[in-house]
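The following pair of complexes shares a single chain, chain A, combined with chain B in the former and chain C in the latter.
Up next is the complex of A and B:
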């Protein structure tokens, strides 16, 4: 296990280096002077020159990258061009809201998807299966930002049950915080729920054909126990991997959710810095997002091995 | 979108039965009522986009009428009017042009780049494949697609073409991986070996022999990716990074509608419903194609 972990983390390093190259190259994507791109063509020459100096743009590209990477490795992602705050600090400040939202989204998705996936698989071919499957297809196709707006219209403006914005930190006001989380989590979670439902249904249908399920039935176990104890447990394994792969999409989706519901999270930071052309923040955010995605995938792999004892995290090749 | 679609090699269809195979596929597709429904709606949407000037009763940009601003749906304005008194139905009709072309162009880009790279990587394997290409796709896939697109839009600036490019780049790694996996599953097949023994060049084997045999999963992935691309484009325009006003786009229409939720709720009903219907129909077609091209996946 330890050997596997070390190897797995070592494998992340070259990928992160490549991500850093991508993040660094962003600013050099457009032909011309990056300082001019940031400041706009009408900026006075002195300002452009000052920014060039500040960002070290006068040095050769490879030197720029090396020095950027060097400070990044020490946790220094540079400073925001807008308010001179360290980028790392800005990201860390915005993280709790996004993490909370991600957790709630995943909760919403699981609470909907697990029963629905099991039910549609067990009642395969019935009207309930058809309705559930169509609902999953709808959930997968509905743009979550539109769903968010519709939810605001119904639950905030018409029924006045839930707030449409006004995020407060949990420790400041737990009740207000939780209430403000419901709509965004449902809006983003609907799609995740749909995807997980479809995976779980397919996976469970496969498992229900297995010999050990027949054996369990043959030895007289109740259908409930056969499904829940034997089948679902095994069916959840591929679903877990699939949910891990969803994390990148989820993180991207949260960018829009945070904009709709004005949640001061990581995604909102990216959107704001994009409109302010605050490139160091954008670069730092890209790097950080990739790190988060890779960490979650690593965690999923570890959980995977714990759930399924058949999977040995071998340290050898091909694990 | 991230579903693995590695089908085991299927034998190459002999040329003589190609026609009947095609007919058989069509029969299988036709049996799937939902897929046929989806395909019909997609076709109607394409017609709507092409014939927008004929269908739309008003000019989507220039026909503004402040006296008629923020009116609910009526006989003249089926979907109501916006804050400038423009006809929302006309704007939704014209918006189809942008959304559909965003879907097609960005997936086209991903295919154009991903297909050859995936073919070469899977066919030649070696250091280039495992060390360079796969790690680069790993890196791109670690960055959330929408965040990458946003970051690129930050540098390139907003606009439809730039949004399409950003989405295309975001979709490409998945195509590289899928094509490569398919090639790996097929490269040792008898028909490839036979072609090799007959002295076919590598390029000929890749494009004439392998490609037709792995076309099924590629078509399925392309159709499902089109649905993702339409949503992504709408998301970018919602954030203000896609098509710029006054040009009509479904995503940006939602952005402006959000300012009028209490006084003009219809402004957000129709553009969102248009995105939903489009994505749903494309997904139905994609699912139908999957059932048709890979019957083992049926009911999954």
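Up next is the complex of A and C:
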């Protein structure tokens, strides 16, 4: 297990390097002079040129990359070109809100999806299955910005039960934090729930046909035990894979929810920085996002072995 | 298995890049939603009563202010926050008349070269140091310092010397007369930063701003919010009224509006024009619609392509119906434009709008040898409103056999292409300045940074430079009028509409002042 972890973590290094090269190339391929974007249309040309020089943008690309890589390896992600704040600080500032939103989204999704997935699989072909599947399809199809706005209209404007924005950190004001998290978590959770429901239903249907389920039933176990203890546990493997990908996507991909509910999250940091051509922030944030995605994937692989004892984390050849 | 993991990572990453590319634009800097000349009397100029200890005013801004140092600031949105943190030497009232602020009074020599300011006494910076003549001199030195990246340099390059006469008197001598000088000092170049704090922080002052204004900087979360608290020792007795101001960056207009309606926000800096009619009867919102200094229109590339021919440019202008455009897209949140000088501002000469004339447009094209029509592209930055404007123009020009292809370019790319003159026609406007010079000079004079059309006309250069000299607007106005005649003939830019300021306030917000520069003065705000 330990050897496996070490190997997996060592493998992250070349991937991170590759990601940094890709991120660096992409941001330089996007047209738009960072100096001009930062200074805006109101700046005289000589100021723009001076800023280019000051930001080191006149150096060859390979030199710019090497210099960035050098300081990153020493733990310095650099400073924002726009407002000179340290990139590491910006990432740390933005991370809690996104992590919290991702966790709540996943909670909402699980609470909806697990019972719904099991129920629709067990009652396959019934009206309930049909209603559940349509609901899941609907949840997967509606854009979450639309759902977000609808939730605000209903719960903030008409019923006045929940705030439409106003994120504060949990440790500053836990109640306000949780209240502000409900609508965004539901808006994104609905979609994740739909995806997980569909995976769980399909996977469970497959498992329910398996021999050992028939055996379990044949030896007289109650249907509840057969399903919950034998079938669901086995059906969870593909669901976990899907959920892992979903969570990984959420960490960088909540930008629309963050925009609608004005949550200071990680997704908005990346998007805003791309629009501002704030190269060090984009690079630092993308690198960090890659790190998070890989970590989540690793965690999912570890959870596999906990859920299904048949899966052993091999330290030798690829599993 | 390994391969699959790698591809998972790549998929997740490319997704995060993809949403970034297709995602919503962070609000283009010069594009503001417009409104109605007969502004309803929303504002209630409140008399000084007890400051309210617990009231925090939440103000939404359409973009994140990048640099909180007036001398390094490049984005317009920065200026909203500066209104709270910094005082200026002078300020505008709601009629754009210059009023005392940190300077109590001033005297201008008859030749327009020497400005002597008498400074207010007993004013302290937020760090406890004194505001005096030395501080003013330091501020000018800072802006003019060659090694300090200040975009203000070009605004005050007429300044020759700044002398401290005594502790509370400063004498500024100009190299040549510059009629717009005082109005420059009512903006970022006239904002006075604490010399002690600025020296200590260097360029990083932009994250630790210290001024003399009604509110002190507390903290910021990049891209999200800027929090200010009351300056307890503000020089204006009884002000500010609120205990704090929070500026929130909200890029989506509809999100802004619902948060105003739900009470999470108290003031929003723009209101979607489509919503204005219904909001008039919405008890959760007060609308403040008043004139602005902005203009919007089309840049025409005079250096290459079909539009290098003056007749083709004239044909484009003749085919556009400004009134219809404004009516369709903006309703009552904009008025048609035929110059860069907003209605009611000093240089506005009231030249009537030209009527749309499709036959004239066709005739002009024929004279240019393009009787069969021309094809040109129109670049706009992506937003639903810009898309709508482009489509209306496309249809109008189609009637005159001018085929327009609409190209959406993200704002940064659009600016890049404009400055490289890599376009035919582009929709980019200007945020406006109180002095007419700030709305025309850099846009039409040969070789200037904002002259995106590549236009050059010695007569215009001469008129623009002459119009900078006299102090009396009556002497300057005829020169601007003459320049406009030439520009209407040469058409490097087609002025289309003046957006109005449309701000939304919560139902109980008081003390809002409607100033055409669009800046929200915060010292009187309460709720």
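Keep this in mind: the second predicted complex is superposed on the first by the 280 of 319 C-alpha atoms of A that agree within 3 Å, B and C clash if a C-alpha of one lies under 4 Å from a C-alpha of the other, contacts with A are read in each partner's own complex, and residues count from 1 in each chain.
Operating definition for what follows: a residue touches a chain if its C-beta (ideal position, glycine included) is under 8 Å from a C-beta of that chain, and two chains touch if they have at least 3 such contacts.
Just so we're clear, the structure is a prediction, and the values are computed from it rather than from any experiment.
K.L.:
Contacts for A:51 in the overlay, against chain B (first) and chain C (second): which applies, first, second, both or neither?
P.N.:
Only chain C; A:51 stays clear of chain B.
K.L.:
Contacts for A:279 in the overlay, against chain B (first) and chain C (second): which applies, first, second, both or neither?
P.N.:
In the superposition, A:279 touches chain B alone.
K.L.:
Of the two partner chains, chain B (first) and chain C (second), which one does A:160 touch, if any: first, second, both, or neither?
P.N.:
second
K.L.:
If we overlay the two complexes on their shared chain A, which of chain B and chain C does A:149 touch? Say first, second, both or neither.
P.N.:
both
K.L.:
Is A:90 contacted by the first partner chain B, the second partner chain C, both or neither?
P.N.:
second
K.L.:
Regarding the shared-chain residue A:196, is it in contact with chain B (first), chain C (second), both, or neither?
P.N.:
Neither partner.
K.L.:
On the A-aligned overlay, A:39 touches which partner chain: chain B = first, chain C = second, or both, or neither?
P.N.:
The second partner, chain C, only.
K.L.:
When the two structures are overlaid on chain A, which partner does A:118 contact: first (chain B), second (chain C), both, or neither?
P.N.:
Neither: A:118 stays clear of chain B and chain C.
K.L.:
With both complexes overlaid on chain A, does A:80 touch chain B (first), chain C (second), both or neither?
P.N.:
second
K.L.:
Hey, what residues of chain A end up touching chain B and chain C alike?
P.N.:
15, 19, 22, 26, 30, 37, 149, 152-153, 157, 245, 248-249, 252-253, 255-256, 259-260, 267, 270-271, 274-275, 277, 286, 289-290, 293-294
K.L.:
Under the stated contact criterion, what part of chain C meets chain A in this complex?
P.N.:
By the definition above, chain C touches chain A via 1-2, 5-6, 8-9, 11-13, 15-17, 19-21, 23-26, 29-30, 64, 66-68, 74-76, 149, 151, 153-154, 203-204, 206-207, 221-225, 248-252, 254-255, 258-259, 261-262, 264-265, 410-413, 415-419, 428, 431, 442, 449-450.
K.L.:
In the complex formed with chain C, which residues of chain A make contact?
P.N.:
Within the complex, chain A touches chain C at residues 11, 15, 19, 22, 26, 30-33, 36-48, 50-51, 54, 80, 82-85, 90, 93-94, 149, 152-153, 156-157, 160, 163-166, 245, 248-249, 252-253, 255-256, 259-262, 264, 267-272, 274-277, 286, 289-290, 293-294, 297, 318-319.
K.L.:
What residues on chain A touch chain B, complex-wise?
P.N.:
14-16, 18-19, 21-23, 26-27, 29-30, 37, 124, 137-138, 140-143, 145-146, 149-150, 152-153, 157, 201-202, 205-206, 242, 245-246, 248-249, 251-253, 255-256, 259-260, 267, 270-271, 273-275, 277, 279, 282-283, 285-286, 289-290, 293-294
K.L.:
Under the stated contact criterion, what part of chain B meets chain A in this complex?
P.N.:
So the residues of chain B touching chain A come out as 1-3, 135-136, 138-148, 150-156, 227, 231, 234-235, 238-241, 251, 254, 257-258, 261-262, 265, 268, 271-273, 275-276, 279-280, 283-284, 287, 299-300.
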